[in-house]
Amino acid sequence: MCGIVGISNHPEAAKLAFLGLYALQHRGEEACGIVSYDGKKIYAEKSTGLVADFFDEKALAQLHGSFAVAHTRYSTTGSSSAKNTQPFLATHKGRPIAIAHNGNLTNTEELHKELEDAGSIFQTSMDSEAIVHLLAKTKNGDLKNWMAHALKQLRGAFSIICLVEDVLIAARDSYGFRPLCLGKKDTAYVLASETCAFDLIGAEFIREIEPGEIVLIKDGKVESLFFVEQGKEKKSQCIFENIYFARPDSHIFNDNVYLVRKRLGAQLAKEHPVKADFVMSIPDSGNYAALGYAQASGLPLEIAMIRNHYIGRTFIQPVQFLREFRVRVKLNPIRDVLKGKKVVVVEDSIVRGTTSRSRVEELRKAGAKEIHFRVSCPPIRHPCFYGIDFPSKAELIASTKSLKEVAEFIRADSLEYLSLNGMLSVMRDGGQFCHACFDGTYPEMIPQNANKYLLEGGA
Amino acid sequence: MCGIVGISNHPEAAKLAFLGLYALQHRGEEACGIVSYDGKKIYAEKSTGLVADFFDEKALAQLHGSFAVAHTRYSTTGSSSAKNTQPFLATHKGRPIAIAHNGNLTNTEELHKELEDAGSIFQTSMDSEAIVHLLAKTKNGDLKNWMAHALKQLRGAFSIICLVEDVLIAARDSYGFRPLCLGKKDTAYVLASETCAFDLIGAEFIREIEPGEIVLIKDGKVESLFFVEQGKEKKSQCIFENIYFARPDSHIFNDNVYLVRKRLGAQLAKEHPVKADFVMSIPDSGNYAALGYAQASGLPLEIAMIRNHYIGRTFIQPVQFLREFRVRVKLNPIRDVLKGKKVVVVEDSIVRGTTSRSRVEELRKAGAKEIHFRVSCPPIRHPCFYGIDFPSKAELIASTKSLKEVAEFIRADSLEYLSLNGMLSVMRDGGQFCHACFDGTYPEMIPQNANKYLLEGGA
Amino acid sequence: MCGIVGISNHPEAAKLAFLGLYALQHRGEEACGIVSYDGKKIYAEKSTGLVADFFDEKALAQLHGSFAVAHTRYSTTGSSSAKNTQPFLATHKGRPIAIAHNGNLTNTEELHKELEDAGSIFQTSMDSEAIVHLLAKTKNGDLKNWMAHALKQLRGAFSIICLVEDVLIAARDSYGFRPLCLGKKDTAYVLASETCAFDLIGAEFIREIEPGEIVLIKDGKVESLFFVEQGKEKKSQCIFENIYFARPDSHIFNDNVYLVRKRLGAQLAKEHPVKADFVMSIPDSGNYAALGYAQASGLPLEIAMIRNHYIGRTFIQPVQFLREFRVRVKLNPIRDVLKGKKVVVVEDSIVRGTTSRSRVEELRKAGAKEIHFRVSCPPIRHPCFYGIDFPSKAELIASTKSLKEVAEFIRADSLEYLSLNGMLSVMRDGGQFCHACFDGTYPEMIPQNANKYLLEGGA
Amino acid sequence: MCGIVGISNHPEAAKLAFLGLYALQHRGEEACGIVSYDGKKIYAEKSTGLVADFFDEKALAQLHGSFAVAHTRYSTTGSSSAKNTQPFLATHKGRPIAIAHNGNLTNTEELHKELEDAGSIFQTSMDSEAIVHLLAKTKNGDLKNWMAHALKQLRGAFSIICLVEDVLIAARDSYGFRPLCLGKKDTAYVLASETCAFDLIGAEFIREIEPGEIVLIKDGKVESLFFVEQGKEKKSQCIFENIYFARPDSHIFNDNVYLVRKRLGAQLAKEHPVKADFVMSIPDSGNYAALGYAQASGLPLEIAMIRNHYIGRTFIQPVQFLREFRVRVKLNPIRDVLKGKKVVVVEDSIVRGTTSRSRVEELRKAGAKEIHFRVSCPPIRHPCFYGIDFPSKAELIASTKSLKEVAEFIRADSLEYLSLNGMLSVMRDGGQFCHACFDGTYPEMIPQNANKYLLEGGA
């Protein structure tokens, strides 16, 4: 996963882009970058690490100009880390092109072969580089058709923000796997993966970019075209964005994420009620579903585990020996609340099961008498080819174990998942989501050797 | 405020001390230090900054020995910052003495005068240095009487952990203003300001150090004596520890902090009910009182403001221009939840009022129709001489404005505070708390020039 | 200017490359990089800054494999700094290609145009990227012809070290502007700009790469071919390498640099003797010429200016106000030696004249009675298109002022330069040097718009 | 060893102190500190590490006021490093006292005992702390007598700069072991260990502080008194300052260091001539003696070893594996100069012999045929109790081996030292030096347990 931002026509474009990235930090903690343009020159500052750790006043001061495109990246593997930082930036015939990409292409291998036969060299393994090569090979009429011609050759998931000189371009694949939103701040147009970026910037949300749409922003005007025949796109938005990935204060896929999660929790309460003393979540992943469950079930909610605020979403260990204390460093159960109680623990998902297992163990140590685990989505059983970095099938616990076995593994007194239909029933656009990770029904044919893209994609 | 930790007889004393400080980080973010002792030599690592930022594996590896005392400090002013780092460490007749102090002495000036007349020189303005000078001037019989003689000369608040060679000593002033707890991990004894440190370390809570008590730990044995005549102490525990300062997962002053806060919230609902759509808190200060309010009132709880997890309790700004975005960087209200709603906002306290005002403003911008502010303690009107770093009386909003004026200042539709009696009624030991910040009834006579201690005390 | 290193077939290739760069640090302080290859994967670590500042054990540990190519770069302008770090690395048809380049091409603009018309995109403005594009466009027969075909299209100065999988390739333009040496350490072959790198590595010097030669090293075998018709190359080695740029302990262009400088100083003494008390240099630029001058003239040498060893060749100022103290921070004249004396100051060159002027001023302040300036090369009057970063003609003091005016500007009592013929007479291969910076006789036709390459070239 | 600086009455006192420390960096690389005073408050910035590494503009900007005292420290052992940073700073009766000390006391143990019996506590093991305690115990009449009374109780070596509020005080023990100089810059008075600090600051040298003298500077007036009866002091200046320690551009002990070293070299040539091809030094320790030797002997001087300018006096290794390359990283012999030659290597001293041995080995590898080692001082055989950090007697090679054995150990073809009388004969004040390290004749009785002071003294 990644977060992307674009700014057109604002005197402090880089600073707004920085704030946008800051708000989208949850979409990728590994690397970040901003490219800006001042009408003459292009400026780039990119680094591994968190947005607020890298971008200080000095770095921002060097990003001149009123146009910017920015990117924050989820973890990819090993040594490729530094060079695969986005936005990808290149020059073609004196014209700078910067691309930020969220998603994962499924025909990267074919594209590379074609391009190299024609003499292209590659400096990275990022999908965004392949896209720029496609552009460079395309005899370009006007910018719109040039872009449409290139995008038609891509397969898989891509939400793209692209800066070609002073033209800011947004595009979304015809399935609409990843979100992409258009906003406005005064006379500036703003693009971002999620609306929480607009809230921080102080921009107004206008609309989402449509699947298959290209939007060009120049001189304060917004032009739209579709690179697929309209009606032929098949909306398949990633339901996992709603369940887990997106920020609860974002409005994406035509709904508010927090409200979706509460509805999932309420539906879960209906499908799998428990007689218990109270409902709790493991902060902060299941907070919203737990609230929905509590309100629907009539059970009280308790904050029985306290999160240490000196740690971010991922705990960065300065000290090796802390590993063994890791669970407790992050979260501390409250003995006086848990002692002798029957509790419902609501989680948003179970991936490998190891985290849930250690949480259950902590709760038991703190005195909980019965622990009933409830999960606000169905069991995850299939890999994602569109950008969610699930582990391999073998590591997905629900892929290799039965419900009963999972319950035993995490040592819960009972375990229940939300049903697929129950999940879809509370979504505003029930039929328009990709839920292949639950049931394996991928919206497009996946190439046989697709596995190799899972780790090094531009996602 | 400060957090203090002591370890006796554990092969990884410094690492446990580090974990203890980590758990007590909320008690002071400005500086931290650990002193250890290996039976022959003393080792010290101290720095300004957060515990996890300073202590890396290299720093911890240099802290040899099975004895340690540690300290994390709340903000003091300016240039004195670096040298006033604790534990204070000195040598007297070849015997190393390290002291960590939480609290604030009220007779520092008299002590300094006496000591300097006798030839003492001072390197810091910390109360802990004065205590060591007192020890050095005392003709020492055995360690117990030596310590008792010195402590009798102190006035004000002090919870102390002291290491004299291999003897770990804990002491608490006769009012018991600040908490101090004794725990055990295997054969090691552990001391800490709050029990949340024991949870992280994996130690078992034994009991609190009593007001006026000195505890000496040596060779696996715990010895206790009282330096005030028993029955003469007047328990005056700081109620603000329960309301705001301590961690919700701690058990101090004979109660669990989270449960106390929920009871305060419930009492607040009884005293000041509202007709509203839902109850909310400003994360994370009022979370627990808000939950208590919601459950007692029957109103639903909503998480209508989302905290950005990439920021700690205090936001550290790498970038100057972020200041104006500061409020939103930390917290984002959810429009879809707030729009057109009447909300009850439960806060744990109002100090200057400026933060509350900006929060109310954010909620209005996000669409809230009515905002009813409820505070889970009485108005704060008086300075604290015992270690809580309230601003001056002129800056305490409740000290200069009426209830109505405060409501107008923060722009709430209504504002109500919990009553003093209501507050005390839900405390387990109602009569044994210091509540001078609310009503000005200090438990001991305050020296006329006490103000000067407010900023540079050892607190 | 730049320094380049290549290693073939050594288990600690990256560490040897690091040492090589360390020895060549004087050829470029702005940026450095090492690329290594382990038979399967390619590894790269690059950064702005000094070699020893960037490469720590962690960075070196990530550079696996027994093949390496490395680069240290002289200053280029501004924002392009970070991305223009070499070696340039790209992949073509799964084959990694890494190039390190020392020199400056004079037909970059034409090359860019041709390549972009064929669909190439550029990520940097470095000559080394253009070379890789040329390779990618070339239908490659075997590696030798593939490389020769590409190199034939280049104009200007290039000493290149290239790694194509496990084949290490060295090449030098047909004029031989920049040095490039071949050495051997055990079973490993080593390439470096200067032999001082071999001394540090512990490698044995074999020979210099010839002008117009390509050397391929694979499986412990060295193969040589010429990409220009032999006899057609016109040797034009940069004489400024001998005068100023190369390290005195290097053996390049078939001579030892220290001995060359001593001979230049001796020749200068013959051409321009002075009656004086002693000879001195400004450490450390003129040390060797001064020694030659002293020995040839019979005047005593004195070390009348002391260099501060806590400063490198370029003083890095942590503190703004130090600027005014800059001259004295670096060098301190000894009053007791200079007072009332007539001194000969021998310098290796005068570029802008401002440094010489401030040195003369310092010597006068310290009491020198007469200061006779002698320069061990002719006046520099013309720009260099082959990699030496002279300032523009307007800033070259000898280009705009007469000898007398220069003497007045630097406030010397007398000033004399070595003659062109005198200079060439002491070179081992007198007729085979480029001395265009002195007399404007460039060895090849320079394109009219050549100026634009001066700043952003790969030199 | 240490370097000390004091500034009185200059608006940029801290910046001048910084420059002074910078010039005195060679006297101590381990730690540095500046204390300043603005008439009301005292400011301190201290750290381990080099002066220019620690003091940036931010640190200097915090050192307000027109009075400053500063210190740079030579290596002491291990964990005591951070806390033993000078200047030592304390407050007595509201009066701040800051002391910077160069030298080593020989009665520290007795002083500590007396002071602790009277109730003093010690925070460091520095001699400077003991001096402040002495002051605090002294019934102070006026400042002069107060200071004199305290200094009379000290034994051993001390050059002291002390700031008591706005009075800057300098004092030197009655033997005058360590240098201390008084200078003037405009209306400001300046104190420094060596005059090279005055050159950098732009101050004029006035005179040296006399042995047994106290100088008080206040309100632009200089007052002098002697704390020993005049005529009773026995001047015993450290001759090793001239031979090795002080900077060649300094004027101390009534002579210029560079000229002294040249005279030592010339005397060495008289005592121990050789038939050889040339004279050389190992940069930069023997440069000046080598020059003196060459001029006196008529042999040519050659710069046959080149120092790498990217390394300071002590090479700081970022990379572990560099250790084996350490010798060559620092210095590279020039083969073309050394091959087949008979050389005289002039060194300023031999301590352990290991460095000389590795240098000789390098020269042989580079082709030298005969290597004749000449040392410009007598063999070092005895420990120093006055501040020079020689290794233990067992490690001093001349203490355990005969001349012949040392020659064999370092593998020189011949080895000769300068004679004691020869050495003294070229000193301007021949009879007034301490040369105990050569012949064991200490100027005062050394306490039996003196060894323990060798490592942790304030030197």
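The letters A, B, C and D name the chains in turn, as written, and every chain counts its residues from 1.
Note that in this section contacts are C-beta pairs under 8 Å (C-beta built on N, C-alpha and C of every residue); 3 or more make two chains touch, one makes a residue touch a chain.
Source: prediction; values computed, not measured.
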Centroid-based (C-alpha) most distant chain relative to chain A: D
Distance between the centres, which are taken as Cα means, of chain C and chain A, whole angstrom: 49
Cα-centroid distance, chain A relative to chain B, in whole angstrom: 38
Whole-Å gap separating chain B and chain C, where each centre is the average of the chain's CA atoms: 62
Chain B residues counted as touching two or more neighbouring chains: none
Set of all touching chain pairs, with the criterion as stated earlier: A-B, A-C, B-D, C-D
In the complex, chain C residues that touch chain A: 41, 43-44, 62, 79, 82-83, 89-93, 97, 116, 118-123, 132-133, 136-137
Chain D to chain C touching residues, read off their complex: 12, 15, 18-19, 22-23, 25-26, 50-53, 55-57, 60, 196, 199-200, 202, 247-249, 251, 256, 258-259, 284, 287-288, 291, 295, 300-303, 306, 308-310, 312-313, 318-322, 325, 328-329, 332-337
